[in-house]
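Listed below are the structures to be examined.
One chain, subunit A, links the two complexes that follow: it is found with subunit B in the first and with subunit C in the second.
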Partner chain A sequence: MSKTSNQKSTEPANKPTVAVFKFASCDGCQLSLLDAEDELLAIAHHVEIAYFLEARTRTLDGPYDIGLVEGSITTEHDAERIRDIRKQCRYLVTIGACATAGGIQSLRNWADVDEFIQQVYATPQYISTLATSTAIADHVPVDFELRGCPINKDQLVELITALVIGRVPRVPNYSVCVECKRRGTVCVAVAKGISCLGPVTQAGCGAICPAFNRDCFGCYGPQEFVNVTSLTRRYESQGESREHLVRLVRNFNGYAPAFRAASDALEEQSHE
Partner chain B sequence: MSDKRQFEVKALSRVEGEGRLYVRVDGDKVEHVELNIYEPPRFFESFLRGREVREVPDITARICGICPVAYQMTACHALEKALGLTMTPEIRLLRRLLYCGEWIESHALHMHLLHAPDFLGYESGITMAADHREVVERGLRMKKIGNDLLAILGGRAIHPINVTVGGFYRAPRRSELKKLLPELEWGLAAAVETVRLVASFDFPAFDQAYDCVSLQHPSEYPLNEGRIVSSSGLDISVEEYESHFEERHLPQSTALHSVMLPAATSYLVGPLPRVNLCLGQLLPTARREAESCGIAWPSQNNFHSIVARGIELVAAFEEAVEIVSQYHVEPSVSRIEYTPHAGEGCHATEAPRGLIYHRYRIGDDGLIAEAKIVPPTSQNQGQIEDDLRQFVPSVLQYDDAEATRRCEHLIRNYDPCISCATHFLTLTIDRQGK
Partner chain C sequence: MSVSTIPVGSTVSLQKLRLQGLIDALTNAGYQVIGPQIADGAVVYDELDSLEQLPLGVIDEQDGGRYRLERSNDAGYFDHVVGPHSLKRYLFPPQETLQQLHLKDGHWNVEPTPIHDKPVAVIGARSCDLHAVAIQDRVFLEGPYVDPGYRVRRERLFVVSVQCRRAAATCFCHSMKTGPRASRGFDLSLTELDDSFVIEVGSDQGGQILASVEGWKASSAAIVDQAKEQSVQLERTMKQRADADPAAGTSRPRQLDTHDVHDLLLNNLDHPRWEQVAERCLACANCTMVCPTCFCSSVTEVADLTGEHVRRERTWASCFTAEHSLLNSGVVRNSTKSRYRQWLTHKLATWIDQYDTSGCVGCGRCITWCPVGIDLTEEVAAIRETAS
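Up next is the complex of A and B:
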């Protein structure tokens, strides 16, 4: 108990406030904060977790210093809600592929959403949704993006730490290939002929997929300034089917501009 | 003058996903209860059409960040049935171990950070930690062990990447699993402490005539396999699920609502039904704790679910210790190869929060032609509303804040995962005329 009271007496005054907001998503990225088991209580000591419905009932009103946003915009109401949240947050950070690129649910953007509703729900008139699933940055200015499906909890801890002490978060922007080499994994694309998205995908996961004998499937989205089409062309020349490549690029980050352009280009070629 | 009141919880907290609760009462008569799931729909069953068989475990994992393994395991088994694949005993055992990891992570989180605060009078695990630091730290350490187990077997804790139709892309290394053994043994002892703690909580007297439903297996506690049984005597194969259970679409919800046929009645899935129906299959330590915790099983009070969850936490650690201790040789075959072809298959497994069912049809092109997914929370939704109808009269003596707190506590008995069911909670209590 003495430990507890000590801790209380040393609580920093005017702690920065953190709020966590959810839109269309699986909850996995905000869960990453609770998954920082070794750091969670220390974080709660240094910042005021002011709004985090998944973890606590008490909520404090804004404005907030840091707003973490999970999920994509899929309803009119959510499109309005994010504009209000933006006004309340000094730094607005998107966490994960849904908030940053629209998520797996952005597959609807290539389909007829009314048909989707009819397939899943017996009474479609009860469902209100937009035809598209879009990234937060399509609606409001975003200060920083954490990539990943899901995000890496160490990057989340780094982000909160950096914002609290007032420096830029250190998050790598090189490709998964760099992490793979560092890990000493034999290249699955070269050695096994597997169509792997590692060369065009931003690092952050630790290059786990190739270490488990499989393709990178792009959870962290496109790295800056990549030519995805040159990679898919290479795989096509090795005999990979165009249909497979469209599906490979069009998943959790499929609606991120670089991936989207690449899958659309592949489809156009098929129609020529 | 009328005694009408209404209560509303606009955003339920300490649950996964988004929902609200609306209750309207007249005097002590409950006129209307509505669990409104407003989490926006994401249409997984639609966009799975036209995807490759091997993509399904990667995609369905994204339905839920808390229980991705449940989706992966159910999808893999259903698709393996469609393809006529039989798993090796080694793969089967590693899949049980993977599921143990998810049960540990999910149960430890729910018990210590989300549900125990209701019993001990705190708004969150974070606040509770100021007075019960050891309990919260113990819970976090257990949760971490579950996540570490998931990372060794699955590559990472959330949305594992090593699960595939036919087995694992790579078998876990013996050295990595053995290194975790001391922590798993610590976890087993810690979970026993936790069961004893939660069994000492005060439970509201709230016995209901639940029809409990779970998988049941003759020789093991249900995770990946078994027949579907109920406390009312149902005993069917998984293939018969859709003849006995039906999903209905109600206006207040983006989740479909499951009922048991023929009378369209509510039923209960999750830890309480599993302990009630499968007590005999628990491993010795878990069984000893179940029998000595002071609750008579079968229990008809879902406030006891936190104890059932604790017993399952012991069970998951106990089984993990057993499997890891016996993992002497890495299997030479970590996955069964296949060529996709037309077929249909369904399967049910036990997610941490209850029975989960998937059915897939593969077309002639080897791609998914149809998918049906029934998560645990949509099955429990009717039962949660039935519970509230019975429970609300007992909280009307309190002001709105306290009445709401008590209703939320009841809802958390279910560890609802609303992201899964769409598909978080907002409670409205409408006390009409006030």
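Up next is the complex of A and C:
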């Protein structure tokens, strides 16, 4: 069955197989999986970790039941690789802002990549890259997106549990404000006039940043019913500069369609 | 004076610093004492051990989407009004484990979760807050389905209310007939005067606790009148302010014309105003979370990887989210317009059909804590102006 594995598994053969793949990313989301220390053994008992280079040298060949994909597509080679991975995975799940929205590296989509290459690399001719950093869903169909920068370990465990049991993962898509209010955090936007992205951002982190008296910067991407225009209009009326708002929205999830449209519109207004 | 109780309906006076004695008496009686205090730029409810934690000399300026604390030389301990928290979180907690289920030999064993929290005594509730609790009582305690957790917490709740002597620009209890003066629903009610508190006894427990506080003395008739007069004065100012020309003040004074509001809203479900407010509304759900009467929750079963151990968790939910109206055929209210309209028509109209009371007590929290300052009094007025 496996070319690369030379050891035989003693676990039951019908365990679902999980494969973890990396594209352009910082590895933080994969680390969240390793960080699930209390649950990791239980997870390994219920699923076969078939391919996870960051955790295990042994690899099993596909096809896989669950493919977790970290990172965005930034090279021609990766664009091909993800098509191959899609064919091998029954469920393909993106993990994190890079895989789901293009990541912080999608800032290049608003700039000139050739210029970056000239400035950064000593031998630019060795660099072969696409002009853009794009989400996995721009290349292949995705079954489920786990948001976050990085993802939340509890949501990851919930996702795996749901797939093992065979139900829909329960991951909220309402705003961060719901989490702030449940934990009793005072709204930094209302009480301090801080331009916070919480109202337009999907929950999942547990509203950490506002609990430390700072703004949400949108790690989980747009919430399901997003109205960035109304929020940025409000912040502008309170004296926030458009430049700051563009930077705020154009962040880890800046290339998610709703955020992208909002920052482009703000920039256009500034040029008027 | 050493007596074991002070009769319900009597009024006594207590020097200001002696209020520490009340906090101590409640603590000694086994209560977790909750009171207003400043945290992260707002007056919130939290555990209270000392009088010094109270926000002495501080007032809150509130307006649509805006809240700021300010120092004020003549402000007492309680001249702030309502903050982002309310009694709701102590009776109907934001997150609660209802049951635990374990699969054993092919059978599910259901274990209810006992209420471990201590009884709560809240100092500082306002008249609107007491009305909000009365509304939630109807939801959770009346009718065929009684909420067991709410009932335990509610029965043990001890309320020390405070008579407001100031109103924020967002307050409109005078319109909703829920204030400013609290006349029932408290164990003890404080009126702050310049150098003392006047305390009215509202229940037997209240009388017993107060009797154990050192330094109380019977109030003179003049002092009792003075305390009452403060509320009368405040109500008069609120009404005048609301009737005044909005151009005269810096922030628009609130009022809500409740006349026939039930039919007004339900006869105008296609009013263009719903579309306009939806352009501003973020569907963020803050309004419902801070509202002291909103009671929606979501119950989820959280299983471990084996699927054999399950916690049944209840969390605050909101009609502004998709999951709230998700049926197997899809999301019923699939636009911000339909969600805002659902919220407002429920709050001010269908709530009356359902519970024989309005769902709004005029506390203004939804106005202040809406990040874009959407104001239900303004929305109702706009619909009224061009109603069909």
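Methods note: the second predicted complex is superposed on the first by the 259 of 272 C-alpha atoms of A that agree within 3 Å, B and C clash if a C-alpha of one lies under 4 Å from a C-alpha of the other, contacts with A are read in each partner's own complex, and residues count from 1 in each chain.
Simple rule for what comes next: a residue touches a chain if its C-beta (ideal position, glycine included) is under 8 Å from a C-beta of that chain, and two chains touch if they have at least 3 such contacts.
Model, not experiment: these values are computed from the prediction.
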Clash or fit, subunit B versus subunit C on superposed subunit A: fit
Partner chain(s) touched by A:P199 [first = subunit B, second = subunit C, both, neither]: second
Touched partner set for A:I208, first subunit B, second subunit C, both or neither: first
Touched partner set for A:I49, first subunit B, second subunit C, both or neither: first
Touching partner for A:L31 - first (subunit B), second (subunit C), both, neither: first
Most subunit A residues touched (candidates subunit B, subunit C): B
Which superposed partner A:N173 touches (first subunit B, second subunit C, both, neither): second
Partner chain(s) touched by A:A131 [first = subunit B, second = subunit C, both, neither]: neither
Which superposed partner A:L60 touches (first subunit B, second subunit C, both, neither): neither
Angle at the Cα centre of subunit A, taken between the Cα centres of subunit B and subunit C once the superposition is applied, in steps of 10 degrees: 110
Subunit B and subunit C, minimum CA distance [Å, superposed model]: 10
Set intersection of subunit A contacts, subunit C complex versus subunit B complex: 213
Residue ranges of subunit A touching subunit B (in the complex, touch as defined): 3-4, 7-8, 22-32, 34-35, 37-38, 40-41, 44, 49, 53-59, 74-75, 78, 103-105, 107-108, 111, 113, 115-117, 119-123, 126-127, 129, 133, 149-150, 205, 208-209, 211-214, 217, 219, 244, 247, 251-252
In the complex, subunit B residues that touch subunit A: 11-18, 39-47, 49, 51-52, 55, 58-59, 62-66, 68, 109, 113-114, 123-127, 129-131, 133, 136-137, 140-141, 143-144, 147, 155-159, 161-162, 164, 168-170, 248-251, 253-254, 256, 405, 408, 417, 419, 424
In the complex with subunit C, residue positions of subunit A that touch it: 39, 42-43, 45-46, 157, 160-161, 164-165, 170, 172-175, 177-178, 181-193, 196, 198-200, 213, 223-225, 227, 230-231, 234
Residues on subunit C engaged by subunit A in the complex (per definition of touch): 39-42, 44, 65-68, 84-85, 89, 94-95, 279-286, 289-290, 300, 303-307, 315-316, 318, 320-323, 336, 339, 368-369, 371-373
